[in-house]
Amino acid sequence: MIRLEFSINLNYEIDSPGSDFIFIIQASQTNHQFIVSESLSVNQDIPLASYIDKRTHLRLLRLKGVPGILNLAYACVVDLDHYTAIPSQIYETPISDLPGEILIYLYPSRYCQSDFIKDIAVKTFGNMIHGYSRVQAIQDWVTNHVSFCNNTSTEHTTAIDTYLSKTGVCRDFAHLMIALCRALNIPARFVTGIDYGSDPILGPTDFHAYVEVYLDGRWYIFDPSGIAIPMGFVRLGTGRDAADTSIATIYGSVRGSTPIVSIKAIPNALGVVLIPEHVSRAISTDE
Amino acid sequence: MIRLEFSINLNYEIDSPGSDFIFIIQASQTNHQFIVSESLSVNQDIPLASYIDKRTHLRLLRLKGVPGILNLAYACVVDLDHYTAIPSQIYETPISDLPGEILIYLYPSRYCQSDFIKDIAVKTFGNMIHGYSRVQAIQDWVTNHVSFCNNTSTEHTTAIDTYLSKTGVCRDFAHLMIALCRALNIPARFVTGIDYGSDPILGPTDFHAYVEVYLDGRWYIFDPSGIAIPMGFVRLGTGRDAADTSIATIYGSVRGSTPIVSIKAIPNALGVVLIPEHVSRAISTDE
Amino acid sequence: MIRLEFSINLNYEIDSPGSDFIFIIQASQTNHQFIVSESLSVNQDIPLASYIDKRTHLRLLRLKGVPGILNLAYACVVDLDHYTAIPSQIYETPISDLPGEILIYLYPSRYCQSDFIKDIAVKTFGNMIHGYSRVQAIQDWVTNHVSFCNNTSTEHTTAIDTYLSKTGVCRDFAHLMIALCRALNIPARFVTGIDYGSDPILGPTDFHAYVEVYLDGRWYIFDPSGIAIPMGFVRLGTGRDAADTSIATIYGSVRGSTPIVSIKAIPNALGVVLIPEHVSRAISTDE
Amino acid sequence: MIRLEFSINLNYEIDSPGSDFIFIIQASQTNHQFIVSESLSVNQDIPLASYIDKRTHLRLLRLKGVPGILNLAYACVVDLDHYTAIPSQIYETPISDLPGEILIYLYPSRYCQSDFIKDIAVKTFGNMIHGYSRVQAIQDWVTNHVSFCNNTSTEHTTAIDTYLSKTGVCRDFAHLMIALCRALNIPARFVTGIDYGSDPILGPTDFHAYVEVYLDGRWYIFDPSGIAIPMGFVRLGTGRDAADTSIATIYGSVRGSTPIVSIKAIPNALGVVLIPEHVSRAISTDE
C-alpha cells in the first residue's frame, strides 16, 4: 500500500464580482484510493459548496469569488491500495453484460468522436483477440504513433485531430485512446489526476490526464501518454472526456497563474515508504 | 390532464447471431408524465433486460436477438399532467445555484460544441434580459433561421454544421438550440419522444427530438423545430445530445424497416378527451 | 489509336431570368487527345462564350439562360493516342526540377487538405522507393481501403472525411489520392471526364472523376476508384480538385435532370475499332 | 507617386543536404507597382531559379540549400503609382462578364470554404446594393467582428474557424473576407506583402496579408485587418489563399529565425518624399 502526500495550490486574480468557480482538485474516495486526511483552505471568506458524483466519485468544489486575490490550498494524504489482476485473465465484458450506467461510455463525446474513427479502429484492432491485451495494444499504438509535444494542440483539439496530426499532450493521447476503444464497443473514460513525478528522471509532478477502460466488470487504468507511472496516479476527476473534468471551470473575468503541485511518498500504515513503480499487472482504483 | 394511448412497432431482420439491441422506446415515468398502463411484446423467446437511469428517468430495454425476424410491440397509456408556469416569472438559475448533477448540461458534447459557438451566442443573445424569454428568443432564432429539410444532414451533423448550413431535421434544430444555451451558461439537454400528430394538419405522429432547458430549478420543454405541439410530447429518452438517446442502438448485422408509431388522445380519468394544443405557459414534465 | 464518339445532353428548367451557367463538357484538346469533330447545340437563342485555360486545356462554355427549358447537346469524336511509358522507368521529379506552374499542385486545396494528412502519408508511403510504383501503391491503397458507395458523401466531403469514413464515390477516391500524393510532395490534380462504359459488365458510361500525377515531366493518369478503364477516359476538366472542375456551375434558380451521356468506339483513321482496355503501361494524354 | 525602399533578410540553418526552398519575397511588377531597382544576395554558392506567374505577377525564387547557414538579402526600390477610383462608381462585375481566368477566384479553396458560409453571407450582405460599398461593408464587418490576437490561430485555421472564434491574425481576417466575397459570387484573392509601418504609431513594418477583390474589371485592395495603410502595401505573392502564397516553403530539415524587414519612404522621381496614408478612394496596383 502506497501512501502519498500531495498538495495543490491555485492562485487567481479576480476582476469581476461574483465570478463562479468549479474545481475538481480533491481526491476521489474509493475502496482502493483511500483518503487518510485532507485539508482545504481558501483565503477569501466565502461559502464553499461541494458535490460528489456518486457514480464516478468525482468531487466538485464550488465557490463564488470576490474581486481581488483568490488562493486555494488543498493538501491530502491518500493510500493507494490497487486492485490488481493478471492481464491475460481479464476479458472484455460483452455488451449485453455491461451495466446500464456504463453504456454512456460507449457513445461518442465532444472530444472522442468514436463514430468517425470506427473504420480505422476495426481495421487496426478488430481482428485481435479480445481482452486486456487488445486494449493494451490500443494503448501502445497511441503511445508509439503520437508524439508528445507541447503547444501543438488547443482546447478544441479532438481525437480525430490527434489521429491526423499524431502530436499532442497527455489529454490528446487519452482522447484518442478513448475514441478507439469506444469504436470497438469497449467502454472507456477520461480521468484527470496528478502523477507521482518527484524524482530526477520523471521531472516534477503535475496534473495528468489518463484513461480508464471497463473490462471484466471493473475500470482499469491505462496511460497512453507513456510518460508517467500509472501506479502513482491520484484520481481527481472522471468523465466522458476533458469537457467533464476540467480542474477549474471559471465564469467571470479572472486571471490565473500556474498551479503549484507537489507530491511525495511517505511512510504508510506499516511505516514503510513504497514508491510507485511500473508493474506488469493490470491495476484499478475503481469503487 | 391529457391521456394519450400510443404504440411503437419495430421490425428487424437479424443476420448475425448474438446481435445486441439497446432500445429507448418506453415512456419515462415522472410525476407529470404518468404511465397508466403499458405492454411490451417481443416475438423472439429471449431474455429482456431493463435499466432505468434515476437521474433522467430514461429507460433502456436490452436484448440479444437471434437470427431471423425480430418484432417489438410496445403500447402505452400515459397521462400528461404538465407542470406549468408563467414565462415572465421564470428566472435563469445562477451557476452557483445549479445542482451538481446539472452541471454536465453546461459542457460541450459530441453534437453540441458550445465551445465553438460561444462568441456568436454572446453577441446575439448576451445582452438580452435573462430568463425564460431569452431562451424563447434562442428557440425562435433557431426556428426562424434554420429550414426544415430532410436528407440535408447525416448522423455526423453537429450544431456547428447546422449553424452554417441553416438546414436540418428536428434533431439538428435541437442540437443547435442546446449549443447556444450552453454557450450562454444555461443548462440544456436533448430529448427524444413521440409527438401527437394524428390530425390532418400535423400529419402522422412520429419520433421527435426536442429540447429541455433548466430554468428556475426545473427542466422546461422547448421545440425549436416549430413543427409540433410541445404539450403532446411523450418523453422517451433524455441525454446530452443524440449520442445518448438513440431510439435503437444495434450491434450486429441487422436490417430494419421503418418504425410504425401511432397515437391518439383517449378519455382521461374524468372521461374527457383533451387534445394537446399550443399554450403560452411554460410547460415541464420534469420529475 | 482509339476513336470514340460520345455525346452529352443536359436539360434544365430555368425559373429566374439571367441565370448564369458555366459548363465544362467539351473535350480538352491535346496532342494525345485529338478532337476529330464536334458539335454543340443549344435550344435557346442566346450568346455562348467560351474560354480555354492554356495551362490545363480545360474549356469553359458560358451562357446566360432565359426562363424556360434549356437543352444543351454536345457531340464529339475524339482520337485517344496515349503517350505510354514503362512504369519502372518513370521517376518522381525532384521538387527543384518541377516547373513553376506545377507547384500549385503540391499545395493543399479545398477538398484535398494534404497538410492534415502528412503524417499518415509519410508513415504509410514515405519509405517506399520513389517513382511510378509508389504512386501506384497510393492508388492501390485508396482503391483497397475505400468502399464505393453512393449517397455516403456530399458536396462538402473532403479527402480527410473520406480517409476517416473509408466510403465515397469516384470524386472522393480522387480527392484522397491527391491529398496523399501532395503530402509526399508529388504534384497531383483532379480530372473530370467521361469513361468508356458501354458494355454489359461496366455498365453505362457516365461522368467520372480521376487523378493525374506529375511524374518525370508529364501528367500520368490514375484511377483510384478502380471501376473504370483509364485508357477510355475522355478528359474534360482539370484543376486542383472538384471545386475547379464542376461539369455545370449554375447561378440562379434552376432545376436540372440527370445528364444523358453516351459513348461508343468507332472505326479509327485506319478503319479499325479499338476498344479501351486495361494496360500495364503508364498512360498520359498530357499536352 | 510613392517611392519605397525596403529590404528583407532571411536566415536559416540547414541540417539536411539538398533542402529545397521556394521563396515569394520579390516585389511583383505591374504598371502600378514599378520596380526601380532591386538586388538579391545569397551567401551560398548555389544556383537560383526564378519563375514569374504571368497571371498574378507572383515571382518564385527557388534554390536548393546545402547544410550550414543560408542567408538571403533582398533589397528593392519600388514606385507605387496606384490606380484610383471613386468607390461609388465601382460596380460588381456580373458573372457573365468575368474573364475566364478570374472564375477560379469564385470557387472555395483550402482556407476559404465559401461553400460553407453561403447562407450566412447571403443573409448578412445579400440584400445590400451591389458594388464597392458592399465589399467595403464585408471588410468592415470582418474588421469589427474579429479581434486581432496572436497565437489564437494555426497554419490549419480556416475562414470557418475564424468566423466561429472571431479571433485571428491578418491572414485569418483575409481568409474570412475572401470566403464571404466568394459566397456572394464576388471574386476575391489573397495577397502577401509588406506594409509600410516604420512610424511610432503603426510599429515596425512586417509581412502582411490582405485581400484583392475583383470589381468593375480590376482587382482592388482591401485590408480587413484594419491595422495597416493599404496605400503602403508592396505586393509580393498573390493566390487563392495562404496555401498559394507562403513567403517561404521549405522541404528539408531547416531551422529559421525571424525575418528582418525594413522599409522607408524615399524621394521619388520628382525628389519628393510621399508617405502612405489612408485615402477614401479605391486603390489598385493591378496589371
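The letters A, B, C and D name the chains in turn, as written, and every chain counts its residues from 1.
By definition in this document, contacts are C-beta pairs under 8 Å (C-beta built on N, C-alpha and C of every residue); 3 or more make two chains touch, one makes a residue touch a chain.
If you're wondering where the values come from, they're calculated on a predicted model, not measured in any experiment.
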Worksheet item: Looking at CA centres, what chain is most distant from subunit D?
Response: B
Fill in: Between subunit C and subunit A, distance of the C-alpha-averaged centres to the nearest whole Å
49
Item to complete: Starting from the mean Cα coordinates of subunit C and subunit D, work out the distance between those two points in Å.
Response: 31
Discussion item. I'd like the Å distance between the centres of subunit B and subunit C, where a centre is the mean of that chain's Cα atoms.
Written reply: 45
Discussion item. Please output the residue numbers of subunit D that touch at least 2 other chains, ranges allowed.
Written reply: 116
Worksheet item: What are the touching chain pairs in this one?
Response: A-B, A-C, B-D, C-D
Worksheet item: Once bound in the complex, which stretches of subunit D touch subunit C?
Response: 20, 22, 49, 51-53, 60, 62-64, 94-96, 99-101, 103-104, 107-110, 113, 115-116, 155-156, 185, 239, 243-244, 251
Response to the item:
subunit A partner, complex, touching residues on subunit C are 116-117, 119-120, 123, 145, 160, 164-166
